[in-house]
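Following are the structures in question.
Here come two complexes built around chain A, the first alongside chain B, the second alongside chain C.
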Partner chain A sequence: MEELRELAKKLLQEKQVNAVVGYECDRRGVRPAFVDDPAGCDRLVFDHRCVQNLPAYLSPRRTNVAGLGRLAVVVKQCDARAVAGLIRESQLKRENLVLIGVRCGGVAANPNESRELGAETLALRCYGCSGTETAMADYVVGEPKTVPAAGGDRDARLAEIEKMSPEERLALWKEWLSRCTRCHACRQVCPMCFCERCVAEKTQPNWIESSPHIQGNFSWNVTRALHLAGRCVDCGECERACPAQIPLGLLNRKLAKIMSARYGFAVTDDPSTPAPIGSYRLDDGQEFIL
Partner chain B sequence: MSRIGVFICHCGENIGRTVDCAQVAQAMGELPGVVHSVDYKYMCSDPGQALIKQAIKEHNLDGVVVGACSPHMHEKTFRKAAAAAGLNPYLCEMANIREHCSWIHEDRAEATEKAKGLVRFIVEKIKYNRPLSNIFIPVNRRALVIGGGIAGIQAALDIADGGREVILVEKESSIGGHMSQLSETFPTLDCSQCILTPRMVEVAQHPRIKLLAYSEVESVDGYIGNFEVKIRQKARSIDVSKCNGCGECTKNCPNKKIPSEFEQGLGFRTAIYVPFPQAVPNIPVLDRDNCALFKGRAKGVKKQVCGKCATVCGRRAIDFDQQDSFITEKVGAIIVATGYQLYWIGKEQESEILHGYGEYGYGTIPDVIDGLQFERLASASGPTGGKILRPSDGKEPKKIVFLQCIGSRDRAKGMEYCSKICCMYVAKHTMLYHHKVHDGKAIVFYMDIRAGGKGYDEFVRRAIEESHALYLRGRVSSLTRNGDTIRVQGVDTLSGEPVSIDADMVVLATAMRPQPGITSLAQKLSVSYDLHGFLNEAHPKLRPVETNTAGIFVAGACQAPRDIPDSVAMASATASKVLGLFSNEQLEREPLIARVDRQTCTGCFHCERVCPYGAVERFEVKDRKGNLIKVIAEVNQGVCQGCGTCQATCPSKSIELDGFTDEQIFAAVNAL
Partner chain C sequence: MSVPAKEKASSFEPNIVAFVCNWCTYTGADLAGTSRLNMAPNVRIIRLPCTGRIDTLFILKAFERGADGVIVSGCHPADCHYTAGNYHARRRFAVFRELMEFMGVDPQRITFSWVSASEGGKWAEVVNSTTEKVRELGPFVSYPRVAHAQVK
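After this line comes the complex of A and B, so read on.
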């Protein structure tokens, strides 16, 4: 922790950056912090409650953040995939950014329960993660840590749903999606949802019905998931943000599996890996072409 | 409220047989916004079109839907008719009730219902059509021709004679291509050089042709009317502006035993050389790999070795330190005429799909030669002065066996196509042989004789009847050395007898293949090619000299095996296409292309990645003070082909095709 604070202080004092984006803790738990004063660096923390994907603040659409000037951002290994995604899709320039890679021992599925981290409390996305810093990092802080062993099969739920008949699946999703209030929290929190104007807000034509009716809810949630195929960085923030507790992660996960099976694509923190949209290999499946 | 007119065509019986056109017209008349709906036997006929024009005026229509055949057929017709009546042509659309309906269904009632759906679809779409106007793109009225064989020469001369500037790029040190190596040419037996050299000289002297010999295309940017081409001028080691072609250097070069490419290895040249006496430009080139001076330099010898040529050159034109140089040319059209090479039967092949002929000794038997080598032997200016002599011992062969279809039409060797010209030149070779060696015997093994063409079959008959060539139908299974002859073992399939002949020489009519390096050139040009590397034409029947990339054309043997008449005809066809393109200062094209909504584009550039034509560019949005606000996508109007891939990909729906906007598609889909 001290190492992180000292580094942040140094970066601010030396005017290498105008602000540091990290985590702080108050009585309600951990939350993102924007520190632009060396004195404020002592607020910074990093532990297993730091679930948020901070690169979500780097979208050029967040003009208030962009207005802070040059930023240093605290990134876990998984967060770095979002930075890579934003660079790949021309939203960011690597040279305009300082990345502070943190060594991570896994984060909690539910950060508000300040229990010890263990197999039961570990977030699904940490299953099998090494916790090492990202190769993109400019600075690395923290001692190497071990992520607790996984508490079972990450995809058990998905496998159960895959076994259902299409009718059963539809019924299940109908039930889940009927709860959607179209608050768009999933979109706001997503680091890869950076459109100027979301397709859900397009009115001429109105592709996606805007009232929270099951039909429009289906269009919205399916479109959101499909727009993230091969782009989702698997940070799990959409599902965590959803006030209606819809298991959106299942959709993302299923798509990730299809991307890997069909196109051999796995989300990575290497910005030079081509985005699956718009790249092709000669052996790509094309059985759908008649 | 719209005022739409619907016109349902019977297409004679084509649609009327399966679709109740009157019923469709009546049903469409009841749709909101439709003020006029009729059916007619032939909408595309003059009276049919008149019906549309009249209705536009009478009913003050603001949209016309023609339910008929494919828009590929008649969209232009009906749009012109609408325009003639004062309606914006892009407010006229077609619904395809023929290919999409009547031709593929049998049940009349069901087909009629489907036809209604198809027309209704377009009626709803057209309510959101906006008037569009054609786009004009400036055209740089100069052409680039790549390859200076007969095809390239012809194309360059035709365009230059038509009044436009041409840049002719040839990779060798002289133009002329393979035709310059031929002795006499079928089907008239006129001397190849005699008809070719005047054309070569014309190229050199033409005020509107800029000849860049010993040069290659490095890169190509841009699009129809506006290409930018970077050309590498390879180092000749000679200052072209000083050299007067006196030939002193070549005479004095001590290195005289280098196999000549032009003579197909049957003769020799010096290290500094002109490939053949009639070369254009008549300027030598220094072959650095074989030059003593450069070999010395490579070995690191301090003292200069040789340098004889520079000493004797009175004009001090020799420049041993010359480097490759680059120039950039702006042109509006490109013609590719890079020609062919002959297949080689050796063991080593440049592609996995090709295989050599082990049964013919993989090219190691000295008196087994190919057609071009025979041309050189028969040529008066060739290494033997036009006498037919064996390469091995210089004796006159009294029995020559010619084998056709070597590689061609042979899937096992990797080329299933027919090389088209071999039947003809083998017949020519037997005649030339007969004229030169009266007591010689020519025996030809063939699979079929393919001599389609004016005077072609007569030519082959002459070879058989007047030059007494013996034609045996069948294949040869092996060629082996037998003393100083070659044992030819094969079968005459007409008699069913095995044949064994001891020949003095064997000539293989090997397959025609595209030039080496064609695929990398094709990739620079974004022109597609087939499995073998022959360039693809846009349509085998209706657009034979165009490619799929607008503004790029093909001529000659780079597109498929071709003889001289075909190559020249193609070349003139490309020239007429190019001159047509250059007839206006601007190119007019349909406005059905993609447009970016600058407000909402996020600059993710998925569109750039998916666009198959490279039409998406980057555009910097700046504020009044010039500060960069964002970088977004912009569509180059000249390049976009309106395929719509970007529209389907853009996550924020910020790029749309005019004429196929989201609103139009949405309305249409909702009508189903």
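After this line comes the complex of A and C, so read on.
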């Protein structure tokens, strides 16, 4: 922690950056923090409650953050995939950014987790992750840590749903999606949802009905998931933000599986890997086309 | 063949929306028409510049508004008039189809095909086979629609 604070202080004092984006403690766990004063660096923390995906602040949609100028951002390996995604899609310039890579060792599912990190508390996205720093990092802080063993098969629920009959699956999704209040928190929290004008807000024509009934909800959730196919960085923030507790992660995970099976794509922190949607191969599978 | 089943099958006329590209399938459909080929009258064609322009929301909207089936058709690979629109569409629809299946929407409701400008006969086949298939599947009442939710 000292290492992180010292580094942040140095970056601010030397005016290498105008602000450091990291985490601080709050009475309800850990929350994102913007530090622009070297004296404030002692607020910064990093532990297993630092679940938020901070690169979400870097999307150009957030003009107030862009106005801050050059930033340093604390990134876990998984967060770096969002930075890579934004660079890949020309939303961000790598040289305008200092990345502080943390050796993470896994995080809990919630930033207010009071228990130790273990199989029960470990976030799903950490299952199978090495928890090491990202290759993109300019600075690396923290001692190497090991991620606790996973508490089971991450995709058990997915596999269960895949085995159901189509009618059961539709009934399940109808029930889940009918709870959606169309608050769009899942979109706001997503680092890769950076459109200036979301299709869900267009009214001429009104592609996605905006009132919270099952018709629009279905269309909205299918579209949100599809627009992130091959782009989702698997940070799990949409599901955590959803006040209706809809298992949005299942849709994202399913799409990641499709991307891997069909196009051999896995989300990465390397910005030079082309995204699977937006690129193509002449011999892509077309068994479903007459 | 039992008589009631036949009656039931013949009393339902499916509504099918076809999203087709201007250059290949639309011209192919035109050829099918001018060649006086026998086609089911259930399909309404919506012409777009390219399969790459066919957003998955078009399909969802068609189902929302009461379509029982959808056809998406365009130029064969290597024939796209915008070079690569159909290759992009191919990926998008492959993924869309699998996601729909995961959410319990029967992928048989959507037919994808490549029909070139000279394949009037193939278009007639696509139309007829899709109409037959959707007729067998019956009205698409399970799709999440407000009208149906309210009736319940």
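The definition used in the following text is that the second predicted complex is superposed on the first by the 285 of 290 C-alpha atoms of A that agree within 3 Å, B and C clash if a C-alpha of one lies under 4 Å from a C-alpha of the other, contacts with A are read in each partner's own complex, and residues count from 1 in each chain.
The rule is short, and it goes like this: a residue touches a chain if its C-beta (ideal position, glycine included) is under 8 Å from a C-beta of that chain, and two chains touch if they have at least 3 such contacts.
Just so you know, these numbers come straight off a predicted model, no measurement behind them.
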Side-by-side fit of chain B and chain C on chain A, or clash: clash
First (chain B), second (chain C), both or neither touched by A:174: second
Which partner, chain B or chain C, touches more chain A residues: C
Touching partner for A:199 - first (chain B), second (chain C), both, neither: both
Contacts of A:207 with chain B and chain C, given as first, second, both or neither: both
First, second, both or neither for A:277, with chain B first and chain C second: both
First (chain B), second (chain C), both or neither touched by A:263: second
First, second, both or neither for A:90, with chain B first and chain C second: first
First, second, both or neither for A:1, with chain B first and chain C second: neither
Region of chain B that runs into chain C when the structures are aligned on their shared chain, from 43-51, 97-105, 241-249 or 583-591: 97-105
Common interface residues of chain A - those touching chain B in one complex and chain C in the other: 199, 207, 277-278
Touch list for chain A against partner chain B, complex: 60-61, 89-91, 194-199, 202, 204-205, 207, 227, 274-275, 277-279
List of chain B residues in touch with chain A within their complex: 599-606, 608-610, 630-631, 649, 651-654, 662-663, 666-667
Touching residues on chain A, where the partner in the complex is chain C: 161-162, 166-174, 177, 199, 207-209, 213-215, 217-219, 222-223, 225-226, 229-230, 251, 254-255, 258-259, 262-263, 276-278, 280-282, 284-286, 288-290
Residues of chain C that touch chain A when the two form their complex: 55-57, 60-61, 64, 77-78, 84, 87-88, 90-107, 111-114, 126, 142, 144-146, 149
